[in-house]
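Naming follows writing order (A, B, C, D and E), and every chain is counted from residue 1.
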Amino acid sequence: ETIFLSTQLRPIEEATAVRNVILKDLQAPVEYVVEEPPQFAVRMEAERQAGKHTISLVGALHGELSPIAAKDGFVPLDDLAKELQAKGMPKALLDLGKLGTDKQQYIPWMQATYVMAANKQALQYLPEGADINKLTYDQLIEWGRKMQAETGQPRIGFPAGPKGLMARYFQGYFYPSFTGGVVRPFKSQDAAKGWESFKQLWAVVNPNSTNYNFMQEPLLADEIWVAWDHIARLKEAIASQPDQYVIFPAPAGPKGRGYMPVVAGLAIPQGAPDEAGAKTVIEHLTKPETQILTAQNVGFFPTVDAKLPSDVEPGIAMLAAGVDATQQAPDAVISLLPVGLGDRGGEFNKVYMDTFQRIVIRGEPVADVLNQQASNLSKLMGEAGAPCWAPDATSQGPCPVE
Amino acid sequence: MSAGQPSSFGSARKLLLWSGIAALCAWVLIPIYLVALGAFGGRSGVYQWPKSILPTGVSFEPFLLFLKTEGVAGAFLNSVGAAAVTVVLSVLIGAPAGYALARYDFKGKGSFRLLVLLTRAFPLAILALPLTVSFIRIGLYDTVIGVGLVHTILALPFAALVTQGIFMGVPRELEEAAWVFGCSRPQAFFRIVAPLALPGLAATAVFAFVISWNEVFAASVLTVRNRTLTAYLLTVLAESPLHYRLAGGLLLILPSVIFIFAVRRYLFAIWGISSK
Amino acid sequence: MPNNKSWIPYLLIAPSVIFLALLFLLPLVQTIWLAVSEGGVPSLANLQTMAGDLNFRLAIRNTFLLTLAVVPIQILIALAMGSMVAKVGAGRETILWIWTIPLGISDLAAGLLWLSILQNSGYLNSLLFNLGVIERQANWLSYQTPIALFFAIAVAEIWRGTAIVMVIIVAGLNQVPKEFREAAEVFGAGRWTRFLRITLPLIKPALQSALILRTVLAFEVFAVVYALGGSNMPVLVGEAYTWQNQNQNYGVAAAYAVLIMVISLAATLVYLKAVKVDPERLP
Amino acid sequence: MANIVIDRVKKTFGTFEALKEISLKIGDGEFVSLLGPSGCGKTTLLRIIAGLEPETSGQILIGETPINGLAPKDRGLAMVFQNYAVFPHMTVFENVAFGLRMQKADPERVKSQVDKAAALLHIGPYLDRYPNKLSGGQRQRVAVARALAVEPKVLLMDEPLSNLDALLRLEMRTELKAVLQASGTTTIYVTHDQTEAMGLSDRIAVMYNGRIEQVGAPVDIYSHPASRFVGGFMGSPPMNFIRLPVTNGTVKLGNVSHPVPASDGREVILGLRGENVSILPLAEGLRLDVRVAEPMGSHLLLTGTIAGQPVRVILPPSETVKAGEAIGLKLAADRLTWLSPETGLALSRSSA
Amino acid sequence: MANIVIDRVKKTFGTFEALKEISLKIGDGEFVSLLGPSGCGKTTLLRIIAGLEPETSGQILIGETPINGLAPKDRGLAMVFQNYAVFPHMTVFENVAFGLRMQKADPERVKSQVDKAAALLHIGPYLDRYPNKLSGGQRQRVAVARALAVEPKVLLMDEPLSNLDALLRLEMRTELKAVLQASGTTTIYVTHDQTEAMGLSDRIAVMYNGRIEQVGAPVDIYSHPASRFVGGFMGSPPMNFIRLPVTNGTVKLGNVSHPVPASDGREVILGLRGENVSILPLAEGLRLDVRVAEPMGSHLLLTGTIAGQPVRVILPPSETVKAGEAIGLKLAADRLTWLSPETGLALSRSSA
């Protein structure tokens, strides 16, 4: 029996869906076990150290897999990757799965991205002339001001809580939009300007944002009307009241409309008790029809080219539309997931979150903070030896901070 | 035994007393009531504003969903198993230690007490990694026993310290009398000291049970298939909508509350201990 | 007690010592080593990272403040509960049972519970709103209202953690022979004096245990704080978790853990000195 | 004024009646002993007076003011507990000083009072020990000292000297008496030691399961018991009871015949104190068949039968009597008690 | 065989010497009482014999086998604790049955033994009460019953009757004696009641701070104390001590002069029991100036001075003496004790 441990699709309905729908017509017996990321990391590390394995297959986010790959804890899956590429899985996507190494560490399983959701009540306060699908930061700020002035309450929210994905916002949305990069221009003038305007934005953001982990809740609770988050973390709200919300791309800055794909991957731990079984599961999960099933049931999108049928439930459809809008946006700046950071991914996030803390929350002078954090960042990149990734221009050796 | 000062029971004082008690009961119960509201109120209930303090639309759907979730039954049994192991072990191992601390002066007493406390002073989750490694090696990984053992580590300080405190309150003469009348030390302990320290032992049991029942991190790292109910639900719940989590929370406290109810008599057993 | 049988105490503690040595000390030592080493060689790197961290000072300050605020109040409430219930005849057990319920609630659940009360759209605001005290949702838990946040967390902790103390103390109170209280009463001691001069000293052992345990636990607060305060109120254990789980840096996490351990043990020693239990003063 | 009036006080534990309508008046500064068999309700009565136990019914006044429901601490009395109840967590000094501290007495006073009490009870050397390092008697004395130190208006003592040796007891007794008289303390004193009661008390109240059988001056109670129980309970050896036939208003003892009061012609019970006899030639006296003769040092104790009924009599140590022989007894006519066989109550005094 | 040999047993608490080289041999089935002032070490000695307190030095044998370091339960003895130590969480029945249960006695035996003991101590009615619902005396009797029920080889009793009334005490005493004799139990009995000790004991050991002052048959100890302490401690009123000048080997008492043994010509102390006197005409007798005359019912107690030294004497109740008058006394020559003023020890017996 193959044990499939996943940090994704944990919520009850989704886990049930995986067991009873997605894995149903797979012959081999699979046990689908879910785990929160912290425990996941500890367990994988423990099994690796002890050299005894119970887990045959893991499904987790790019960022969660990278530390394990760094200690080469995964069975290379290059042949599997070849087949899938043949079947039309985008090479760019597959390359993410190499995690900056020369072997295929994981097979992309599901995709998602981050979008913005707005309660329809908010729309009336949109600054005139603003097109919600072509929103700019200035408009967003203006919008927030309006809402606060009218409703007496800050109505924009970000997932800046301990479990929130705010770091991804800075890496994938804020920096690309304002500086066209992530690491290189960390302390550039553009960055400084960006932070200044983000401070303005923050003035109209609900202060509880530092407690939010999943934006669907404050949305549903009507605490906020406009939110940025991972689609999986908005789904609950959208799915439950599709006609109450609109989904639209994140705003654009001077350098364009940054966005970051999210990839969940499937990997086989070194010494997995049932490697063969795991492979079959991967093959099953990456079949177009399974991928469509997945999309329909849990709202993650295919990594192979598979068209969603028209009859998906409205919430999912809206999210899908939002994702398309983001990807198709003319000024879109794609920001890939960090690769080659190994197990320093967390600290990489920390650099951005600390910067945010100090500049925005504690109001320290922008320039100083950027300088100090920049040195941390370059030290980090140096130690990790991670070359630049898009949108930063490629580099020989570790990605430099200019 | 009419505790307190029956003679001086001014009715005013009585009123004061009871209002105090009522207040404290309310302080404990109201939050729980509100959770129940949220849990039963369904999606609309939790997100409604302003919320009403009275139950609105009651729905058992989340609960039913939990109970229907596959593996819940098994997980429940695992939880009970782990808790049982914890209760038994922590009392069997902790009480003697507490007794030694209470009755004897011996070299290393202080350091022993510290050792016991260490286990509580150190955040378990940080230990989880090496702990799990060694568990995998000894083969306790993914077993109920294993979980019980880890939880015993957590419960031991309670067992030792609480029983120490209680044993100190048991008059020596009684024990001596037992010896004189033919008890070996263990016998004297079990027949005289233990019953008189019953509240302490019951408290230990309660703590052990509750600790084991509520512990998540170790429980989920150390198990794959044999999840305890708490670990099982909480992992599943973490990203579920609020009312599910409230329901889960409510569902999870029931067993411990029931357990405490079961042992409450011993928890507050009273003997008119009197020296002469 | 015949102390000529000097081996007995060792026999009694042997099981726990062995148990802990096998299951606890080993990992503990490894973790401590992890904290004070870098790539297999002793180094203070982790400690420096910890000390240099953005939240380090805050975390320490908050943890201490919280402990100082919470523990004494819990002890007081517990004592109050204990002596109140001592005067009740019928219904005693039920009352005590109700008071022990929070004991059964995991800190995660407790955090959730208080969140649902204190969040903007929570019951507290609803109540105030219905009473017309506020006309729009008030923030209690945001970084802009640190005081309110602190109180909220303290209240939640008190609500959750008092039961433990109460149970221990009630167990202790049960043992105090009533003759002592009676004697004191006859000699003119009022309720207070009686309580302070007789009852309290006589339950010292139980009190000490309660204090120590509660304090050690207080230094471990985490779940409730994060549920209510999010990242607004860093505390030591929380930092340790973040370093281990988000930042995946086990070394620094271990460093935090060691720090926490040292602090709690220090506190314990203080208690053992302060609340000295002198066996010759026991009944 | 600290006179005590106990008025029809009842106490029931569940169904068990520990006190049945106790009534007793105690004058200011008076010293009254409670005597009675184990379990007759002495401690219960004290506890009720002290306010530690609520009376089931009845009323108690101290100096005209009813004290029902008054907290013990407001009754202005001190008590020596049967089981000491010395505070284990305080030094002897602190124990003795406790009452005074409660009265916020200034340090000098505390010191002097404690020293006085300690000296009185010979516990000076132990003042800074903790009770569990004291012997039983020493603890008991601490308890007494604690009560004396506060110089209460009313003092309740429950077998305060039971664990002391005869000599010390004797000494304590006399000193207690002196101190309490000097301070004019109203005292209720529970004891099992009759000589103690006799030596100390202005009056003695004899209790018998939950009732007061007789109250009176020691000698009265001793020589004129109001009932068979009292006679039998007081004095050791207890009073002898001999059923005798009455022939036209008199009973024949040896060859003298005594008039018996208000006898209805059938039988009376003679209450005879063992020491109210002297030896006569067998022929003249009342015949006593001696079973056992124990020389007790200060006296000679004879156990035997009169008219087939068991008796114990006491003779001067000088007398020489062997077990088995029969002797004649002369009874001190003016010291005999006559009781009714039916009620067991005394008939009106035999002598004016 | 359960004879006890206590051989140079010492006990020190910290610096304080509670027992100083105690040596005592007790025959199988013998009944020995320990008498002594409060705090002299009685309880300590019992606790050491019971194995509850480790002796600092010395050795104890029960029936030839040394028991040092033996666990209490293996010493095959039972004990009545000075402060009862009845188990509060057991009914009286369970308390009494405790020892038997420990011996795994079969239920019938337990039942019968408990009933026997309960009957003996009159606690039958309380068998299913819990101790905290009992009176002091009742608790004490439970403690005694618990010890008797096991019919131990060796029985240690620490003031087992101190909280009982005279009558009950008397009864218990006789019954105890009977039972223990019948079962041939070796008994060490701590008491403060001398008549008790006298009545019960084969031998009495008088202790005085940590030492045994005298061991012997009751009457011996009473009438021939080995030291001034013993004489003063035993008997109430205590023996009178009168310093008298010796003139060529004799002292003059009134107009008779007594030979005194081995006197070195300066002074001796006359040990006189209050009851060993009788009245003489003032001229003939030894002059006693009476201060107080207390009629005590069974006797007349005179307090006064002889040769300016305080004495208390006892006369038959019949005598009539007033305070203030002076009377002459005749001393029973063969019952006088002579002591050395220096050592306080008795000089060799005055009469064969």
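We adopt the following convention: contacts are C-beta pairs under 8 Å (C-beta built on N, C-alpha and C of every residue); 3 or more make two chains touch, one makes a residue touch a chain.
Owing to the predicted nature of the structure, the values given are computational and were not obtained by experimental measurement.
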| query | Which chains are in contact with both subunit A and subunit C? | reply | B
| task | Show which chains lie in contact with subunit C and also with subunit E. | result | B, D
| Taking each chain's centre as the mean of its Cα atoms, which chain lies farthest from subunit E? | A
| Any idea which two chains share the most contacting C-beta pairs? | B-C
| query | When the C-alpha atoms of subunit D and subunit E are each averaged to a single point, how far apart are the two points in Å? | reply | 22
| Distance from the mean Cα position of subunit D to that of subunit A, given in whole angstrom | 93
| subunit B and subunit D, separation of their C-alpha mean positions in angstrom | 56
| task | Would you mind listing the residues of subunit B that make contact with two or more other chains? | result | 1, 5, 46-47, 49, 125, 129, 133-134, 171, 185, 196, 242, 271-276
| Multi-chain contacts in subunit E: which residues touch at least two other chains? | 51-52, 83, 136
| Residues of subunit A whose C-beta touches two or more other chains | 38, 42, 45, 221-222
| remark: Contacts from subunit C onto subunit D in the complex sit at residues 177, 179-180, 182-190, 193, 197-198, 201-202, 204, 280-283
| query | Contact residues on subunit A for subunit C in the complex? | reply | 37-38, 41-42, 45, 67, 152-153, 160-162, 206-208, 210-213, 221-223, 343-347, 349-350, 354, 357-358, 361
| request: Over in the complex, which subunit C residues touch subunit B? Could you list them? | output: 1, 3, 6, 8-10, 12-13, 15-17, 19-20, 23-28, 30-31, 77, 80-81, 84-89, 92-93, 95-109, 112-114, 116-117, 121-123, 125-127, 129-130, 137, 159, 164, 167-168, 170-172, 174-179, 185, 202-203, 205-210, 212-213, 216-217, 219-220, 222, 237, 240-241, 244, 250, 253-254, 256-257, 260-261, 264-265, 268, 272, 277, 279, 282-283
| message | Quick check on the complex: what are the subunit D residues that touch subunit E? | response | 13, 35-39, 43-44, 82-83, 133-138, 141, 158-159, 162-170, 192-195, 198, 219, 222-223, 232-233, 235-238, 273-276, 278, 295-299, 314, 316-318, 332
| note | subunit A residues touching subunit B in their complex are 3, 5, 10-13, 15-16, 19, 31, 33-36, 38-39, 42-43, 45-47, 49-50, 52, 54-55, 214, 216-217, 220-222, 232-233, 236, 240
